[in-house]
Amino acid sequence: MRIKSGVLFFVVILSLLIVLPNLSFAQKEVKIGVILPLSGPLAPIGKSLKDGAELAADIVNKKYPGIGIPIAEWEGIPGLGGAKIKLVFSDSRGDPAWGAEQAKRLIEDEKVVGLLGAYQSAVTKTASVEAERAGIPFVNPDSTSPDLSKRGFKWFWRVTPHETWFTRDLFDFLDGLVAGKSPGVKAVPKSELEPLAVAVENTEWGAASLTEIEKFAKERGWKIAEGFKYPHKATDLTSESRRLTGSKAPTFLFASYVSDAILFVKAMKEMKATPKVVWGQNAGFIAPDFWKTLGGDVNGIVSRDVFAAVLGKVKPEADRINKIYKERSGFDFDGSSARDFIGVQVWAHALDKAKSTDPKVLQKALNELHIPGKELIMPWKGVKFGSPFPGDTNQNELGSGIIIQYQGYPDGKPEIVFPFEMATSKLIYPFPGWK
Amino acid sequence: MVRLRQLLIDIFSFRDRPRFERIGFLIFILIVLIFPWMVTSAYGRAVMIKFLLFALFGLGWNLIGGYGGQVDLGQAKNVGFGAYATALMIVWWKVPFWITVIPGIVIAAAESFVVAYPMFRLKGHYFAIATLCVALVWKELFIFWDWTGGARGVELPIRSGVDFVYMQFNSPIYYHYFILFLFLMQFFFVNWFRKSKLGYEVQAVRDNEDAAASLGINVYRTKVINYTIAGGLGALGGSFMAVYYLYIDPDAVMPLDLSILIAMTVMVGGAGSIWGPIIGAAILIPLDMYLGAWLGAQKRLGIDFMIYAMIMMVIAAKEPKGIWGIIERVRKKRTR
Amino acid sequence: MELAVQLIVYGILMGLVFALIALGLSLIFGVMNIVNFAHGEFMMVGMYIAYLLSTFLPLDPLLSLPFAAGAGYLLGVVSYRLLIHHILRGPMVAQLFGTFGLMLFLRYLAMYIFTPDVRSIKQGILVGKTLSMGWINVDASKVFSAGVCVLAFAAVYWMIYRTKLGRGLRATSIDSEAAKYMGIDTKGMNALAWGIGGATVALAGALLAHFYYVTPTVGMLFTLIAFATVALGGFGSIVGAFIAGILIGLIMVISGQFVSELKFSFIYAVYFLVVVFRPRGLFGW
Amino acid sequence: MLKVDKIKVNYEGIPALHEVTLEVHQGELVAMVGANGAGKSTALKAIVGAVSPVSGNILFNGKDITRQETAKIVRLGVVYVPESRRIFGPLTVEENLLLGAFTADSEEEVRGHLDYVYGLFPRLKERFRQRGETLSGGEQQMLAIGRGLMIRPKLLMLDEPSLGLMPKLVTELFKTISLLKEEGYTILLVEQNVREALEIADRGYILQTGRTIHTGGGKELLESDTVRKAFLGL
Amino acid sequence: MMLEVKNLVKEFGGLVANGDISFALRQGEILGLIGPNGAGKSTLFNCIAGYYKPTGGEILFEGKDITGWSPHQVTREGIARTFQGIKIMPNLTVEENVMIGAFCRTGDRQVAQKEARGILDLMGLTGEAEAFPTGLPIAAQKRIELARAIATKPRLLMLDEMAAGLNPLETKEIIQILQKIKEEKKLTLFLTEHVMEFIMTVSERVIVMAAGKKITEGPPVEVARQEKVIEAYLGERYAKGR
């Protein structure tokens, strides 16, 4: 008898597990599914992505007077009669298979109108396949692997510039230094910056970064002394750091997540390395944990980014948003949180334009979407999907990257040093070294 | 003819099992068959598919870990071989799915055979850690090599509609019956295996190596062959993963976590019983997926894993023989 | 030449820390034949203690070492009493999963309490100081840690081979039934082994926290390295753990210099080759 | 001094001892003999608490020690020298001896006992730094007994001490045992060397298939036919 | 000759367990091997069955040199054995235990099952076929071991301490079974024993070992009277005392 009741109990629980997620209460809201790495090694970044997206949804849904961008005035989506945006978060665990299953759940069970996410390019790949099959729009604000927009998907839009773009920015920056375009810095002889030494983590994203860097280096005539991949989540990076310093290259380029970025900086400090330029490919190099942990040791490091709090100096909207964000999370707005912010913003505009939640209509709206730069918090020319690089489809053409430099830490803020015309501060050159 | 008939009986018959097991199995098959029509939730269906996938993995691992009694913590490498064989052959040469399955199984079996020879010089924990190391080396190699796509993985071209050549479908219902078919194939293979000469030899070696040798069993060879077969079976599920997720990379198809989860489903369900992997997967997979979906994106992280871990520890401490152990005990008490 | 010396120095310094991490695992296995998957998580606890004490008290992280060791000891004993004791009789699979469950539990408990943020110790006498000796620049805290590792090994070695308690521990590991007839409380000895195991690895964690980051998921990597170290040296052998730790540190640093992507493969491959020829490791009993 | 009353022991559900009753008085040497598998070792293990009886009582000096922890029983002065010696092979002779005194509290006392054991077995003193496993069979047996004497036990239980020893050494061993008896030790001896054991014993018990089937004075048993029947089948 | 052992030596790191043992076993004979504990009987058994590699000497089975063969090869050649301590597969039923023995000669499960049932019948174990062996009394477990060994269709059967742990009644039963099987299957038996009653009634001839050496051989009654045998068994003084 006991087993029977046990079995019964089990069956009841199981059916509850299956049925319960379907019970949601009809309200006037539009559900957007957000897949992010909320646990696992990338959880720290996942948290700031989530904070950024939540802030954007809040700004759309409530009135925030005086920010200066349209969505702050909306109180819901006007095109849908003031419907509120509801973000349904789901943890990808950084696992592509898990990400795909969560995408399925969000699409079919949560009945989301569309998806947003998923940061790691590998997860974005599988999750967007589910969206493509189901015919549901997937807006990707935060993955930068060039492959993603080259698949010809019809239900996939990427807002952020991708790696090719950022790498072009990097070489524009280096060439600009040589040409003396950087405000306040004398023209640097190319021989002082050559050769380059590149260390990337051994992931989809790292591997793509290395390929792009090698491609552009060849195109622009920069020599590479060392270019290697290292196992991510390493127990120790001393020998890799030694390999960099041992190469005697004056320019170090990295593509690393937080934990490895910290280890590299610590190891280079330990070895008293004296590079002229230390450049990070976003990710770990802009995470709050990075500068919180390293304090003054980050000064002089440059990183590619899409947003910096100092943008407020040139873009007052950004400053106001940053204030609200800082109040909520305790940190400055950064490249990660800003990108998921803009992802939600793109969704809001698309929904407003479509005036419907029908996927086909949304698809059309997204394809035709044009948000001018002044309505964004980003220093971009706007959002418009097209094909900026050969092979791209539904890739934002009007985006752009910036390069920031940590200055005056632990009290300072990252300053923009590229594009040169947007620079908020003079570039500290050469890299000051570690004390 | 007689032999063929006998073989078919051996494959499909459960006459040697008690009646309640046969009835239980029938009910189980019935539920699985009608499941997609009863449950419309996509996540529910995805959970079901993942459950069948892990039950399939568990059946394969059960050969070495349950019937063979050797703790193998490297089954993920075989899953990876299967997944990569399928994915790469489809991408490179557009080979139909069903043809790619065979090289996947052959490669996994061949690799298992080669590493088994040195590995079975080891016993117990040394063996377990060696299997773990071998799997990790393969994973690093697959990331390292360019021809496998390295860390960028392999993306399969998406096909629209229902495609039985490349086994791609736009509805989970097809995938459900597809994995169910693979599962049943493996299930009946294991059903045959446990009653075959090799199956009995494997169990004899597990229970007592000296006694097994005294009955004319070549202990070393038996272990190697068993490990080889188990390796081959692991690849089948890998092939499915490739066409189901349509994107694979080494972190997704051959991580340590996968090896451990496979072994764990069998352990929780009850190692060495054909029902063990099914019961284990039926408990762990829905538990993990629903806990993850409900509690995974909360303000405070980790509750889902903590609950999961508690359950694992309680089972390990209180019922080392798994859920099947409880059922057996209750039954023995009743018959007594 | 310069390169060789640098690599050897870095390898040995790192290897000594690996050795200290592996020591507890080896000891626990030697006494009761059980592999602890949660070993790296014990280390993580040590790291968090060093971090918390140095950030919130604030205490110099050096002074947090005894607290970390003490907490590790307690954690080891409590784990033994509450969990390990109950899974000892079970088959090996059940043991593996019991400790695996413990690993998940500790890791996600830490994530629940501390969030997944990456942290590190910022202040301390040794933190961030570099020692220069000719060509070689070494983090002062790494040198200090290596020294503490050697001392800890010496202390454990002395405890095991020179004291009455250590004698009881060895007797339990050789023949636990006979040890019982000597009037030795073998359960107590098991708990002691877990205590020492926890204390040494938490100490290693507190040392590591000086130059490494702290995050809830930090353990698994070190657990795997510790497995390879212990199996390479021979389960249960203290000297084996010491030598194998240094060896693995060297392999890691040298392969990191040349084929960084495969450096873990090299460690596992070396382990695999060694055990194939010596199935009980270099110094196994 | 020791009183075992009708104990019954099961191994995994199968009875190993059905009903064993025996008594040992202060200063006595009691021999327990019987065929392999008769349950002699199990009886000793039950007394020392290594296996727990399902029924019956064990009293030591009037105190109930049934199902107590081994460590506690040893502290009371009941020492079991196990079958096939079970010395700690990788440890030195002296370490082995010191382990015998694990329950002793004062260092000085231990040193005294060590000297005493070395006095009894000078061979052990000669080899005190050698690893236990390198000793010969006879020396290992000395070591096992010496280890048992390290806490000056109130009751010494020897399990098949002559096992695997050459006949000459067996004779020597029995001399040692009678010497111990003269020193005033209370000894419970389990043996296969029936004659020699019964010859030096004050009293004897015969065990068959888990039961005490016969009891009496050592010499008396020796004369009886039962012994010869049980062992030679003649 | 069924089995010939010539000058067999087995050392364990300097300790001589078997020193220069020679004997022969005729077709259809029942040979007993007796001696006190530690005399080296089990070592000798293990050398013949392939569990130990002899340090020196030769073992011939039906004229074929099987020295140093692996245990499974020895079994396939036609020598089966039982173990001193019971070595049974606890997770398989009684019938399955015996089937594994039968699989030595066939790959067909049906055949193996039929054979196993036949042997179980012979052993009087039919009622326990579906049971798990660990729950059964020792006497039944011993019989399962015996049944399993017979299922491999040996010509020579080696029994290590068959009667250890059995009471006289059970011992008698097993003797009867042994004699019945021997006739039916035309077996040659080689047994070691501790319980003298058993070996003396069953054996046609006995070998006596002590301290790793063969002392004597001959018919049981004769051997039992020999002074050196009694000495080896009961000690020097017992022999003299008589």
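Residue numbering begins at 1 within each chain, and the chains themselves are lettered A, B, C, D and E in the order written.
The rule is simple: a residue touches a chain if its C-beta (ideal position, glycine included) is under 8 Å from a C-beta of that chain, and two chains touch if they have at least 3 such contacts.
Quantities reported herein were computed from a predicted structural model and do not represent experimental measurements.
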Mutual neighbours - chains that touch subunit A and subunit D alike: C
Intersection of the contact lists for subunit A and subunit B: C
Farthest-lying chain, centroid of Cα atoms versus that of subunit C: E
Top chain pair, ranked by how many C-beta pairs fall in contact: B-C
Inter-centroid spacing, subunit D versus subunit B (mean Cα positions, whole Å): 53
Length of the line joining the C-alpha centres of subunit D and subunit E, rounded to whole Å: 31
Centre distance in Å when subunit A and subunit E are each reduced to the mean of their C-alpha atoms: 75
Overlap residues in subunit B, where contacts from two or more other chains coincide: 140, 143-144, 301-302, 305
Residues of subunit A engaged with two or more neighbouring chains: 39, 43, 202, 229, 231
Of subunit A, residues touching subunit C in the complex: 39-41, 43-44, 46-47, 202, 228-231, 233-240, 242-243, 246, 258-259, 262-263, 266, 269-272, 287, 289, 292-295, 297
Contact set on subunit E toward subunit B in their complex: 49-51, 70-72, 75-76, 80-83, 87-92, 96, 99-101, 103-104, 106-110, 112, 148-149, 151-152
Contact footprint of subunit A on subunit C as seen in their complex: 3, 6-7, 10-11, 14, 111, 115-120, 122, 128, 130, 132, 137-139, 142, 211-213, 215, 217, 221-222, 225, 252-257, 260-261, 263-264
Complex contacts: residues of subunit B adjacent to subunit A: 39, 41-44, 46-47, 50, 140, 143-144, 150-153, 155, 158, 170, 172, 241, 245-249, 251-252, 286, 289-290, 292-293, 296-297, 301-302, 305, 327, 330
Partner subunit C, residues of subunit D touching it in the complex: 48, 50, 69-71, 74-75, 79-82, 86-91, 95, 98-100, 102-103, 147, 151
